[in-house]
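First chain A sits with chain B, and in the next complex the same chain sits with chain C.
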Partner chain A sequence: MAVTYPTPGGGAARGPSRRGIARIRPWLLLAPALIILGVLLLWPLVRMAMFSLQDYGLREIVSGSTNWIGFANFTEILTSRDLWAVVLPNTVGFAVLSVTGTVVFGTLVALLLQSLGPRTRGFVTGAIMAAWAMPAVTGTYVWVWIFDADHGVFNQVLTSLGIIDQPVNWFTDRWSFYAIVLLNVIHHGFPFVAVTVLAGLLGVPREIHEAAEVDGAGAFRRFFQITFPQLRQVFAVVIILSTIWDFKVFAQVYLMPGGAGSNRDVLNLGVWSYVESFGQNRYGFGSAIAVLLTLLLLVITAVYVRTILREEKNL
Partner chain B sequence: MRRTSTGVKATKAVLVVLLLAFTLFPTYWMLVSAFDDRAGQGGATLVPREFTFHNFSYVLTDGGFGTFLRNSVVVALATVVISGVVALLASVAVARFRFRFRTQMLMLILVVQMVPLEALVIPLFVQIRDLQLLGTLTGLVIVYVSLALPFGIWMLRGFVAAVPVELEEAAYLDGASWTRMFRSVLLPLVAPGLVATSIFSFITAWNEFIFAMTLLGGEADKYTVAIGLKSFFQQNSNDWGAIMAGSTIITVPVMVFFILVQKRLSAGLVAGAVKG
Partner chain C sequence: MRRTKFYPIAAAATVLTLTLAACSGSGDDDSGKGKTLDVWIMKGTNPDSEPFFADVAKAFKEETGATLKVEYVEWADAHDRFVTAIAGGTTPDVAETGTTWTPEFADAGALAPIDDYVKKDNLGDDLVKGLVEAGTYDDKLYGMPWYAGVRSLVYRSDLFDKLGLKAPTTWAELQADAQAIKKADPKMLGVAVPGDAEFTVYPWVWGAGGQVATQSGGQWTSGLDSAEARKGISFWTGLATQDKLSSAGATTWKETDVLDAFANGDVGMAVMGSWTPAAITEKNPEMKGKFAAVPIPGETGGIAPSVLGGSHLSMFNTAKDKDLAWDFIKLMTTGKFAQEWADDSGYFPGQTSLLDKAVKSTDSLVAPFAKQFVDGGASVPVSPNFGAVQAKKTTSVMMQSILSGKSSVDDATTAAAQEMTSLLNGK
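== the complex of A and B ==
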């Protein structure tokens, strides 16, 4: 990666003022982006950290005054029963299940796609793209409609098969609630995994596979001993990106019946932070939850960046 | 060559059919319910019992979806134009120039993308409130530009890096200034990447939900499509035909765009990964 580009603005013979411009040109080009990112992403992050150390409510928002209380918000969160019994399992446990589900299912789909002829593969890939393109908001509403208690197709099918006698409300129970969220998230997330892994699979030379087959290696063994090691970087990126996305699941929970705070059993970190802030006007407490979520994601991001750096070194 | 037996072929065919059924069912169900006049009362069926456009006409006229659509288009287009220009300039800087803190800058842009929206929504709400832009589309555009920017820079950097430096040098040899070179050489060659990035920002703005819900508050005439749908949910019974018709109106443009842009998007990511 040691390519050195000639200094653009090039003509060195054109006088000192032009060279001065050439030196600051990258900063001129970057300035608008840096100002926007600074004012609208970095400064808000700093403010979030400041709010998290205050009892920041409607009064403070209106008057703009401060109300420092040290780490009281964090103590309240970390000693709250909600966090350990409900919110953290709903966040971390769900992320683990959905990442596993998405990656395993996506990889299986990629293997299936690889074994198809080019025309079928193109067609199926196009169909998968449709699932990917469905916005989270409308996708969630469609799943809610499918599992709707009164007229949903899921209850109708179960009733007509005689498995249940009466329509069941699947949204009140924590487990069935999150099973629907899981279905929604996997359905929406597996296309990215499938397409990315497929791109990697098509890059593995066929000859290696055929040689292994001649030597008598089964399909299972070929996958874990040849394909998987070759695609280690692809899998690392796919897993970490899915983890980051699945920790941040918000609309998929918030828009479900009871998901907006009325059913406290189904809160996750993001929704908890939101309903404490905008529902109870406890912006300081909500910020403290958001700080915890951000720190959690920061750790995962650090792993992500290190993986990418290692990958670039290998190229 | 390997021989595929008919058994293997049949299994594959079954798997493909199952996969397609799982993948397409929600979209199909959305369309069927949207075109069924009785979806709200008795639930939808695999084929609409009473085919109708009534749900669509209701949503677009009485439901106020016309206004929501106009708001969404205005917000998304403004976001696309502003973030496109800013991201292009920044991506030229990081792809073509060597300067101090360049690597740190790239890392910063990457990390910033990982920040959860739920964390940003509280401070940005306060900030937009201080600017007295709550309940306005301007406030929403400002936020969306900042959300679309990091990914835009990261994408366009790949496209800019893929343009051969020799072309730029040739322009300089012909006596072109930097600005002239940018306009006549770089811009036309990066245009496909710009289109891909624009569509991505459009989708971001079109789909976004948390900020629209928080910043627009009770200003129903300023709602974008993503939160406009909520108005069809009633206390006791939901008009599912109307909700699915609204969902269809939101989803179809996104699907079309996504399928159009998909190839270019992955090309840009690959280019960005290979070229420093």
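== the complex of A and C ==
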């Protein structure tokens, strides 16, 4: 027997809108914010797009001249072997795993928090907030220290258990490298998911759960058929934000041993674009990468939002 | 990529301040009275730089009548700050520029050549050659040698005494010493072979008679895949891959990691800079008196050349009064103040006549470095594109792939040489 719950409707139809000043007023009120956004966000974006069509380096900065080269930067990016063989697989694969990991783990923690009493909940929330509040740089160094080849705790445990007989450098292999980054990013990212999902969970009426339980629905079924549909929007926000963040992971890779470019097997989009553009003063090339990344994330977000909206209509 | 967005704003802001500043410029005058000289100096080289520059400012005022304004810049942000300042035309009159940046900024057209001044003051023959080489671009001198350090072989003299070893003068001796240390204490690294420290690699290339890169007829060619270079790289990486005298962790070590491990007492020998002994004893006071240095040995003796890393004082094109800027550069890089800066900071001065004192020193942590500095100093390829080679970590990629066993010396050096050649020639 399916347990369903109607989602809230779109609200009553609006009355006929008045003309004239009433129509302009909202825009007047929005104007200051829009102007600031335009200056701080839109104009730099336009400049970035302009740079992406130029060979723009230190020499152009000094002389102030432009150096249009059409789509040469984009051609170079899209024909780069590193990009297709290493950079994109690393970036996309990592994003998929880390978004899944962060959202699943964060949701589990949120469910745990929901079932706790107020005092223990406060305590656990405080603990996970500490993980969230830790700067990415500090967190990365802690993980590096744990997996350090010569003095790290991880190798010491493996050695004392007799699993390895001499120290292994986990940072040189692509898979073990990203396993460590994954731990780091999930550890740093799950508190946001947990807290956001918890806020949503607390809004789901308890009676529905009780009714379902009486009807004999197990915990899994209650989650997927009551909680999840209720929290669709919350999950949408959490997944989109996590995807954007995990696509742009930089510090957590750059600061790892070998992550700053000396191990080409572990390059991701962030580090690769930094090394190829800023490291070499090729600002035009860097802008082209940024334009592509922006478009890519827009597409992902659009597809995701559409899917969510369509599913909602079907309900 | 995120930073791109900020350039226009930064540029706009700087252009605005420039316009305002230009309005307040004073007329031309031979004396520096009433004028101000803006100078950028890197933070941290000399722990006592503020009292030092107070003295310099006093002397400068007495000599020229002008006021000295020093701004301290962090090494880590310095490159970005230079680029932003160049973009907005707000560069200082004179700045300390790292030796590898000088050709880059000169190529961009931001620096003013100083050959005429050097000639006028007859300083040409008294400047350290490796630093002049590094500051020369298109046959013009853009960077005035100020101070530099050099890397040599640092070793644990206490262990060498205990085991009856002698400081190595050939590669075979170095290998034997490292083996003896490892045998006495298997937990130690006989010699540290770091994977992400390009300046510890080049001495072995040069020491075997190879070249990092050479220029002829405007074309650069990397020599990393030559038979000599391969011999040097094979020896250096072989200490880790075949003789197991380094450690698994060292495959991803940077120079700072080498320093930490040495200070921690884990390392018997390592290629380290002349500025590191103070840092080692600061991190671990117990190491005091337990280590010494020796010039990096060539294959069968002699000294393997090592990169001089340091700073120039460069004059920017935007300097309002170039004569005044030169007066300051000269005051800083020659005589009393050059000597004092070197003494305070633990680096060597860029004026040859000032080096004699260091060479004659009996300190086992000064004299060997000074010898390396004078007799075995070298420069990385002087090209504005060498920054790109460093950014792509061409040499470190090569080292790490050999040390982790992913590729052979032949394959790794071939790939590195190809990449370096194409980067140096600007693709």
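As a working rule, the second predicted complex is superposed on the first by the 258 of 315 C-alpha atoms of A that agree within 3 Å, B and C clash if a C-alpha of one lies under 4 Å from a C-alpha of the other, contacts with A are read in each partner's own complex, and residues count from 1 in each chain.
The rule is simple: contacts are C-beta pairs under 8 Å (C-beta built on N, C-alpha and C of every residue); 3 or more make two chains touch, one makes a residue touch a chain.
Quick caveat, the model's predicted, so the values are computed rather than measured.
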Report task. Applying the touch criterion given at the start, work out whether A:Q280 contacts chain B, chain C, both or neither, answering first, second, both or neither. Result -> second
Query raised in the report: So, A:L29: does it touch chain B (first), chain C (second), both, or neither?
Result: first
Requested in this report: Considering only touches as defined above, state whether A:L293 meets chain B (first), chain C (second), both or neither.
Outcome: both
Query raised in the report: Is A:I61 touching the first partner chain B, the second partner chain C, both, or neither of them?
Result: both
Query raised in the report: Who contacts more of chain A, chain B or chain C?
Result: B
Query raised in the report: For A:F247, is the partner it touches chain B (first), chain C (second), both, or none of the two (neither)?
Result: first
Query raised in the report: After lining up the shared chain so the two structures overlap, which partner does A:P44 touch, if you call chain B first and chain C second: first, second, both or neither?
Result: both
Report task. Kindly classify A:V214 by the partners it touches after superposition: chain B alone (first), chain C alone (second), both, or neither? Result -> neither
Query raised in the report: So, A:L161: does it touch chain B (first), chain C (second), both, or neither?
Result: neither
Report task. Would you please give the residues of chain A that touch chain B in one complex and also touch chain C in the other complex? Result -> 40, 43-45, 47-48, 51, 61, 148, 150-151, 273-274, 277-278, 283, 286-287, 290, 293
Report task. Write out the stretch or stretches of chain C touching chain A in their complex. Result -> 1-9, 83, 86-87, 104-105, 107-110, 195-196, 247-249, 251-253, 257, 261, 266, 387-388, 390-393, 396-397, 399-400, 404, 406
Query raised in the report: Which bits of chain A are touching chain C when the two form their complex?
Result: 40, 43-45, 47-48, 51, 57-59, 61-63, 148-151, 166-169, 171-172, 257-258, 260-265, 273-281, 283, 286-287, 289-290, 293
Report task. Note which residues of chain A are touching chain B in the complex, please. Result -> 1, 3-6, 8-11, 22, 25-27, 29-30, 32-34, 36-37, 40-45, 47-48, 51, 61, 64, 109, 112, 115-116, 120, 124, 126-139, 141-143, 145-146, 148, 150-153, 156, 187, 191, 195, 199, 210, 213, 244, 247-248, 250-251, 255, 269-271, 273-274, 277-278, 283, 286-287, 290-291, 293-294, 297-298, 300-301, 304-305, 308, 311-312, 315
Report summary line: Seen from chain B, its contact residues with chain A in the complex are 2, 12, 15-16, 19-20, 22-24, 26-27, 29-30, 33, 39-44, 85-87, 89-90, 92-94, 96-99, 102, 105, 107-112, 114-127, 129-130, 142-143, 145-146, 149-150, 153, 165, 168-169, 172, 178, 181, 203, 206-207, 209-210, 214, 226, 229, 237-238, 240, 243-244, 247, 250-251, 254-255, 257-259, 262, 266, 273-274, 276
